[in-house]
Structures are given as C-alpha cells and as structure tokens.
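Here the chain labels run A, B and C in written order, and each chain numbers its own residues starting at 1.
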Amino acid sequence: MIAVALWSVAALLALAPAGIVLSTRPRGSIILYSGCLIATSTLCVTALSGLLYPPQPAPSAILPIGLPWLGAHFRLDALSAFFLVVVNLGGVAASLFALGYGRHEDSPGRVLPFYPAYLAAMNVVVLANDAFSFLVAWEFMSLTSWAMVVSHHRDPENVRAGYVYILMASFGTLALLLAFGLLASSTGYDFDAIRASHPSAALAGTVVILVLLGAGSKAGLVPLHAWLPLAHPAAPSHVSALMSGVMTKVAVYGFVRIVFDLVPEPVWWWSMVVLLVGGPTATLGVLYALMQRDIKRVLAYSTIENIGIIFTGLGLALAFKAEGLDWVAALAFTAAMLHVFNHALFKSLLFFGAGAVLGATGERDMEKLGGLIHRMPKTAFAMLVGCVAISALPPFNGFVSEWLTFQAILLSPQLPSWGLKLVIPAVGGLLALAAAFAAACFVKLYGISFLGRPRSDVAASAHETDRFSLTAMFALAAFCLIAGILPGLFIDALAPVSKDMVGNIMPHQVGLQWLTIVPIAESRSSYNGLLVFLFAALCGTTAASAIHRLASDRLRRAPAWDCGYPDADPAIQYSASSFSQPIRRVFGSVIFGAREIGEMPPPSSPLPARLQVELHDLIWDGLYAPIAKAIGFATERINILQFFSIRRYLTLVFVALVVLLLVVAL
Amino acid sequence: MNELRDILSQGAQMSLVLGLAPLLTGFVRKVKARLLRRRGPPLLQPYRDLIRLMRKDVVLADNASWLFRVIPYLIFAGTWVAASLVPTFGNGLLFSWTADLIAITALLGSARFFQALAGMDVGTAFGGIGSSREVMIASLAEPAMLITAFSVAMIAGSTQLPTVAEFMGSDAVGLRVSLGMAFVALTIVALAENARIPIDNPATHLELTMVHEAMVLEYSGRHLALIDLSSQLKLLLYVSLIACVFLPWGTATADASVAWLALGALVYLGKLTVLGFLLAVFETAIAKMRVFRIPEFLGAALMLALLATLLRFVSGSL
Amino acid sequence: MSSLQFDIAHLLAGSLVLASFMMLYQDRLYALLNVYALHAGVLALSVGWQAYVQQAPHLYITALIALVFKAIIIPVALHRIIKRLGIHREIENVIGIGLTMMAGIGLVALSMVVMLRVTPGADALAREDLAFALSVVLLGLLIMVTRRNAVSQVVGFMSLENGLVLAATGAKGMPLVVEISVAFSVLIAFIVIGIFLFRIRERFDSVDVQALDRFRGERR
C-alpha cells in the first residue's frame, strides 16, 4: 500500500520537469493535468483503503535518500491516510478543473512545472515519518506554491504577495525547525524514536508553542495570517483552491501530528492557548471577509475563519484529553477532522466558481459583476450549493461539523480548570458569531456577484465555463450534500484516526435507526440529516403541487418596482460595500477603525458627491509594520559593515581573534 | 398501535401549527387594534388574505431568476419542518430526534439565508436595504439564540426539545437565575427574528423603515402567500418555544392518552392566547427603535445569554 | 431553608445584577433614574425576602428604608434637580455601549471566580450570593467610570451602595444600628453632592465632567 503511494508521488515528481517541455506544446496542459489526475486518484484510492481498512501495524518504508545516516522514513497510519484522502481529493478536483481552466493560462511555463511538484510535496509531508523529510517536503511545498503565486508577475500586487508569503513561510519553517530540534535533541530525527521518548513538561510546552507558530502561520491563524489573503488570491484559481482547501489542512496535519502524536501527555494550558488563538481567528477572519470586494480575497479570509473553527475543535480535544475525558476528546477531535474534510470540499468548490467567473468575465471585483445567474446558470447553481454549505446551514455538510463542535462545547462544564471554564463559553460565543457572520458574508458574495443586474459590460456578456470545470464543481457539490445527509458514514470512517490520536472513538454511527448521528447518547442529542432533507423536500414539493393544482399557476412578467423612477441604472443596486455597511458600522468601527467620509458638493453644483470608506488593518499596523520598521532600522545600522575601509576590516578580524583567544584562556 | 398513534400525533401537530399560525397573527392584530380604539380586521382575515393571494397571478420582475421563484417554497419548507419539531400540546413527537434546538435554529437560518438572497435577486435598491439590514440583525440575533439554547441545554442536560420540555415541567428544575436571563434573551431574540416592533414594523409602507418587508417587496400572488404563511409559522414557532421551555405546565407527556392530549391542546391554546395578548400590548406600548440602536438591543440579549451560560459553567447550581 | 426559598433568594440577587446591566444599557438620564428606582425596589424585595427567610425582623426595616428612600424619594429628588438645573439629558459614554456591556460581563466573571476561590469553606449558595453582590458593586464602579455626566456617576455610586447592602444582608445578621448609619451616610453624601452640583452649575453653567476638567486646566 505504501509502495503504491510512493510510486504515485514519484510519478508526480517526474511530471514536474515534463511540465517545462509540455508548457510549450499546444495541448500540453491537458496532458499534464490528466497525468496529475491519474496520479492523485491512485493516491486517493490507496489512502481511502488505508483509512477504512487500516492494516496493523501501519505500513512504513525507508528509502535511501536524504541524510546518509537517517534515510527517508515514510509511514501510512490512520491520520496520514485521512489527510492523504483530503489532499488528493483536492488534487483530483483541482486537476479536473484545470483541464478546462488551464487553457486560459497565458504563461503556462510558470505554472505547469510547479503544479505536480506541489502536489507531490504535500503528499510527502503527510507521509513523512522523520523530521528531515517532513521539513524538506514542507519547504518544497512553500517554494512551489510561491512560484505559482508569482506566476502573473507583471502585476506588482502579486509580487508583493509573493514577497510577504515567502517571508512568512520562512518564519514558519524556522519555528518548525526549532520545534523538531528540541524534540530530536535526545533521540534523533526519526518520528518513531521521538514517539518513544519522554520530554520534560517545559520542553513539551515550548515545542507546542513553536508548532503553533510554525504550523499556525501556514494554516492562517491570527495574527500570523497576513500573507494568506495576499497570496491565495494571487495564484491561478485551481492553485488557490489547493492552497486554501488543502495546504492549510497540511498545516493542520503538522499540528496534529506533533501535538497529539509525537508529544505525550498534554497539559491543560496548551488547550487554553489554542482556544484563545482559535476563537478570535474565527470571528476576525470572517469580519475581514465581510469588508472585502474581491471575491478571492473574501474566500481567503473565510479560510482563516474555518481554520479558527478547526483549531477550536482541536483545542477542546486537547483540553479533554489532558483531563482524561477521552470519549469527549474523541467527539471534539472528530468534529475538527470532519470540518477539515468539509472545508476542503466547499472551499475548493467556491474557488473553482470564482475561477470560472474570472475566466468568463476577467473580473474578481464583485462591484463589477452581477446577474451572472442568467449568463452562467450551472456555475451559479454549484456556487449556491457551496455558499449554503459554508454558511453551516442544514442539510449540507458545514452544519454537521459545527453541530458536533457545539455538542463538545456543551460537555465542557466537566472540565475542572477555572481558566477553561471562563474561556470556553466565550469561545462558544465567538463561534456562534462567526457562523452568523459567515452566512452574511456569503449572502453578500452570492447576491452581489450572481444575482441582481449586471453592473458592467463584461458581466453582461459572460458565458458559461467548460465541461471539465463544471464536472469538478458538480462533483464537489454532490459530495457536500452527501456528507450532510449521511454524516454517520464519515464519522465512522474517522474512528481509526480518533483512536490513534486521543485514545477513544465516538459511538458507532452506521446502523442507527434511519442513519441518525448520536454523538453521545440518544437522550442527549441527535441529528438526522437525511430525514431533515427528505422532510423539507416533501413539504416543499407538496406545497408546490397543492398550490399549483388547487389555486393558481399563472405567471406574467413586468418591470420591477421603481418607486416612480423608470429605467434605473444598474448602479443604483446595492454594491458590496453598501451591503456590508450596517455590519461595518456596528463592528467595523471598533475593530477596523472604519470611517466613512462623505463629500457633498454645495447645492446647484454639478459635481458628483463622493463617499470614501476607510479601513485600517490594526494587526498589520500594530504588529507587522513596527517589526518591519525595526528590522529596517537594524539593517540600516548593520549596513555600515559594507562600506568599511581595509584597515577597519583588518581591525575587525584582529578583535575577533583576540576575543577568541581570551575565551580559550579563561 | 403505538407507532400509528405517534405518526398521527406528529401529523396532527404539523397540521395544527399550519392551521393555527394565521389565527395567532389575526389575534395579535385584533388586540393591537382594540388597544388603539379601532375595531380592527376580523380574526380570520389572515386566512382570507392567504386564499386571495394564492388565487392571484404571480407578477415577476423582468430579471427575476429561477431562484426567485423557488425560494418561497424553500422558505416555507424550512419553516414548516422547524415548526413541526417544537412541542405544542404534547411532548411525544415522533420525529423530534431528527433535529434538536440547534438544528431548528439553523433551519430557520437557512430560510433567512434564502430570503436575503431573494431580496438581492431583482436588482433594485429596496431589496438591498432589506437584505443588508436583515443580515446585520441576524448576525446578532442568531448567536444570541444559539447561546440561549446552550444555557437551556446545560440546565436540562439535552438539546432535544421534548426532553427539555419534560425536564422543565418536572420538579427538578426550581427557579434559576440562568433561566431568568435566558428567558429575557429569548424574548428579545423572538422579537428580532419575527420582525416585530421595536426591531421592525410589520405594517409599515415606507421603504426606508422596512427590513423584512423590503426583502419581499417584489413578491406577489402565491409566492407572497407562502412567505406570509412562513412568517406567521415562525411567530407561532417562537411563541410555542417560549411556552414549552418556560411555561411547561399542562403539556401532555410522551405516552399520554387521548384525553390528556386533548387537555394539552386546550392548555396550549390558552398559552398562545396569553402570549399573543402580551405581544400585542408590548408592541403597542413601545416605539420602533432606529436601526442602529437595534445592534445595542440585540447585543444586550447576546450578553445576557452569554452571562447565563457563563453562570452555568462556573457553578452547577445557578 | 427549603430549596425553593433558596432559589427565590438567588433569583432576586440575580435580578439585581440584571438591573445593574440595564443601568449600563441606558443612554437617557430619566430612564437611568427609573432603572435605578427599579434597582432599589428589587433590593428592597430581596432584603424583605431575606428577612422572611432568616426570621430577622430588623431586616424588614432595612427593606423599608431601601424602598422609601432609595426607590422613591431619591429618584424623585434627582428628577427635580435635573429639571431645575436643566442638565443635558443624554448620557455620553466614554466607550460604546457594546464594549461597556462586555466589560460588565468580564467583571461578573471576575467576581464569580474571586468569590468562589476566596471562600472555599462556606455554603455554596451563600458564596454565590456574595459573588452577585460583588458583581453589583463592580458594575456600579463601572457605571461611575464610563459615564461623563455627573448625575449618572452619582447614580452609579448609589447602586454600588445597594450591592454592599445586599452583601450585608446575605451574610446573616447586620445589626440595625450599622444599617441606619450606612443609610444616613448615603443620605448625607447625596445632599452634599446635590449642593455641590448646584454650586458647580451656578459657577460654570454645566455639570458635564469633561467641560469641568477643562476649567481645571487639564486638556483631554
């Protein structure tokens, strides 16, 4: 099983240099993406069988590459199998989408070689069983995605995005390097050896903080998120989908692997830190998203929100595991993993839709779109499914993972720690707020881009996307519905992962009456997605047929209510910033320092009025800008070293020699 | 035999809520009119309005899409399913285990999502006003509702509504501070979700004062009838929710005989009358708030619910 | 004491905290005075109930004092003062109402944690009542700190005193003498503050604390 996986990864790596050649051929992109499609499907199927029928003991392999005394260790246990499924499902969908979308690419030579390498690197991170292969693959993943982020290099925004991205990625790798260094200080880099060792509590705590910094910055936790909304939109759409839907989950994998698996007994304050980071990330992410007008940026910030939700679930799992309540830890952990899967599904779907819109109109700005439901009906339908799913509304899958997280929060009064007893209700409130804001955000996204009337000519003349893109989108939409209606199947599939990581599993779900899910006990709570869906469908169709039969089914068209001003310009519709104005005024004035500055010309003047909205990113101004300034200041001072005379350099060498001799003498 | 009786009981509940919803709205309107020294419309007028609307042609705006035509059915389906799962005269709902309080809140959230989309569909400014204000109100009302559900669930030990109702009706509960705060928070949320004064005026004709009405401005005919029926169902849902959680006396238990069920139905009608009367008095006594005072009002509800949950976390006896 | 009596006492203490939150929410001066009257009324009810439950008749007098002076006389007198001085009737907040209420919740959480940690040996319900009383005191301080209007600061001070009375009655047995002296000291403080408000108003035509600070020579 692991051999199949490693050979598929090797195939992906072989496709990468082939991409250089293929990018010059007319149908080269189709060949490359088909190759990636086959390789990732193989990996997905292998991983799925590894998850559903986990062989004991977990298959592993050692290849003679990498460090000479270590080799490259690989292992396919339940956790790796699950994340391989997530990564490769995203890869399959993205490759399928790119079969159609890749034709729009005007510089394929900058994307095609890196795409298979990116997929290979993500797979190797999940498969790695020693710190060296993990870190090499992690860095390779960052580099290949960076290359694709700056592929449209003529736009200075993209170049800046790439610069911030590579800085933050390096910071993350440094933190992970330090973490692994601390862990491996006594045992060597092999994960099996690290698992068997027993680091002290202080060492374990430091490692957890470092991993939170390293993996968290890649996942997009506030305040290390600043690169995400710049880099994810800059890449081509299928790569954005992979970065948001899949690479952030690889970062979550890194966190889970180290904190739940490699470091033994958790302590309660780790969960406090994770919860205090995860809760505000969720709310802030979606508040940022509400203020944006670029579709892809909205989706990137929404990724930050969902990562916050996942880390909240992980924090709860840590808290319960630390107290020995492992059956509740299983609930919280399964909720987090289910959200990992769900988010990969609907975020990829949404990015594909954004890519379709970008390809059809050339616009990412919502305020130039509108009325696309008439011009691109199939894309609009798939996007609607994605928007409803991500807003955590039944009967789709987003609701199931949110519901399970809330059930875990309701069991939290059992925790003895006072700090957690105060923090968890606050985090629950923040999650509830984030869910409500997410619904608002996606009403805005869908309503402004797809509904209403076209606000520009490109929107009025858009056309539907190709069959491959539509197939990918509809497949993901179908998955969203299935995961929402039959969640018990997915919960049971996650049982081996939860058993490995927290030591217990949720009650067996498949086989319950009518496929209900019961997270703890029948008397406490239960949810049946299938029946809710069938009930609602039955009520709706009954109402429709009864009314059409008994009352009336006539219909006629007429102009919209115009309050006496006929033939109104499409510009009188609500724009993206006007839709979010109430929320901006209530919440944004505090969190973003939002100000509206209006200039009204005097009466009888023909000049137009102007309304300007000013937003400040307080995290950027408060954290990143001062650090950048401090570094600039320090480097300016150090820069004098470049301009010394020869005598000064000789003095430096002389002083260093004397100091070393002093150290030896004393 | 038991299953048959349970299925009939659930079916009776579904038809009951559908049939009673316009009556509750008619009653509230009548009481409001009487308090203002008017005679008011007849009690059964909402039924007549619904039938009249259903028989009329639908007039669709020129660029309304297929989504606009489908949404009223989606809203109606979601609201009716949610209303059928809230115990009214008896706690023994056959399908109550399919959705608990959190799922019912989320179903209503789905309905509201589609309603807001419908407001955006036609492409006029009025729909935009309605949708943007509605999502602002929802962004505070829905978390307040969820956190109130948390505090009630932590007292009752379950999120399934019939279990909660049975627990509240039993002797184990006593008077709790958290329950009092949850009650105030739930009342405020119910006012916000049903677009009642002081949040929104259901009878206004000025577009700039509308929230809910602005989203449905373009609807006509059978679509408008379904949306009106959904709003009435939602009001009935919230009134039943307050009655079953905070006024649980008199509801028939799960295995009760037909006589007890009939008594439960009578008690339920009494509760509806009392709560409808109180709603009408409150709406007449208070003025509508300006739009940006609403977030402070709902924020207070959110804080109360959060305080109730916090008290439950910190001490089991509160 | 039966559990129902405990629950009612608890409920009344919780209602006092709720009334303090309602005072935080108000932005009009007359409404604030009405809510303060409600606050004092709930205090009277709570003290009266404690008198019934503990069978301590002197607490009935405390309740009567609270009802007559604090729920009726003082709000009416403040009403008159406001009308006579023509004080600006809208209360300006230093930070928005939302943030103030969040700070209020934090203070309630803090007082619960403090009380439940500091008194481990005592009866659980008595500790929670003390925690509520401390919350009312802290919320009264919050009102004083986050309002720019001098009258609302006076109201905050008086609600703080209500919290202290609640704590004293809950602790089973505050002698009547102490109670009368506390009540009279509040009256004196109120009269003094009232006189000062008159004088301030005469000199400076305003009781807005921010405006007064300008005269003190401190620029904000």
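FYI, a residue touches a chain if its C-beta (ideal position, glycine included) is under 8 Å from a C-beta of that chain, and two chains touch if they have at least 3 such contacts.
Each chain and its UniProt protein: C = Hydrogenase-4 component E.
All values reported here derive from a predicted model rather than from experimental measurement.
Among the remaining chains, the Cα-based centre furthest from that of chain C (Hydrogenase-4 component E) is the centre of A. Counting C-beta pairs in contact across A-C and across B-C gives the higher total for B-C.
With each centre defined as the average position of its C-alpha atoms, the distance from chain B to chain C (Hydrogenase-4 component E) rounds to 36 Å.
Chain A and chain C (Hydrogenase-4 component E) have Cα centroids lying 49 Å from one another. Within chain B, residues 295, 306, 310, 314 each touch two or more of the remaining chains. Shared interface positions of chain C (Hydrogenase-4 component E), i.e. residues touching 2 or more other chains, are given as 98, 109, 113. Taken residue by residue, chain A touches two or more other chains at 422, 586, whereas all remaining positions touch fewer.
Chain A contributes residues 418, 422, 586, 590 to its touches with chain C (Hydrogenase-4 component E) in the complex.
The part of chain B that touches chain A in the complex is made up of residues 51, 54-63, 65-67, 73-74, 76-78, 80-81, 84, 95, 97-100, 102-103, 106-107, 109-110, 112-113, 116-117, 119-129, 131-133, 135-136, 138-140, 142-143, 146-147, 150, 153-154, 157-160, 163, 207, 217-218, 221-222, 225-226, 291-292, 295, 302, 306, 309-310, 312-314, 316. Across the interface of their complex, chain A is touched by residues 96, 98-99, 109, 113, 117 of chain C (Hydrogenase-4 component E). Residues 3-4, 7-8, 10-11, 13-15, 18, 21, 25, 97-98, 101-102, 104-105, 108-109, 112-113, 116, 124-125, 128 of chain C (Hydrogenase-4 component E) are the ones that touch chain B when the two sit in their complex.
Interface residues of chain A, counted against chain B in their complex, comprise 370-371, 373-374, 377, 384, 388, 391-394, 399, 402-403, 406-407, 409-410, 412-413, 421-422, 424-426, 428-429, 432-433, 435-437, 439-440, 442-444, 446-448, 451-453, 514, 516, 522-528, 531-532, 535-537, 539-541, 543-544, 547, 551-563, 568, 570, 572-574, 578-583, 585-586.
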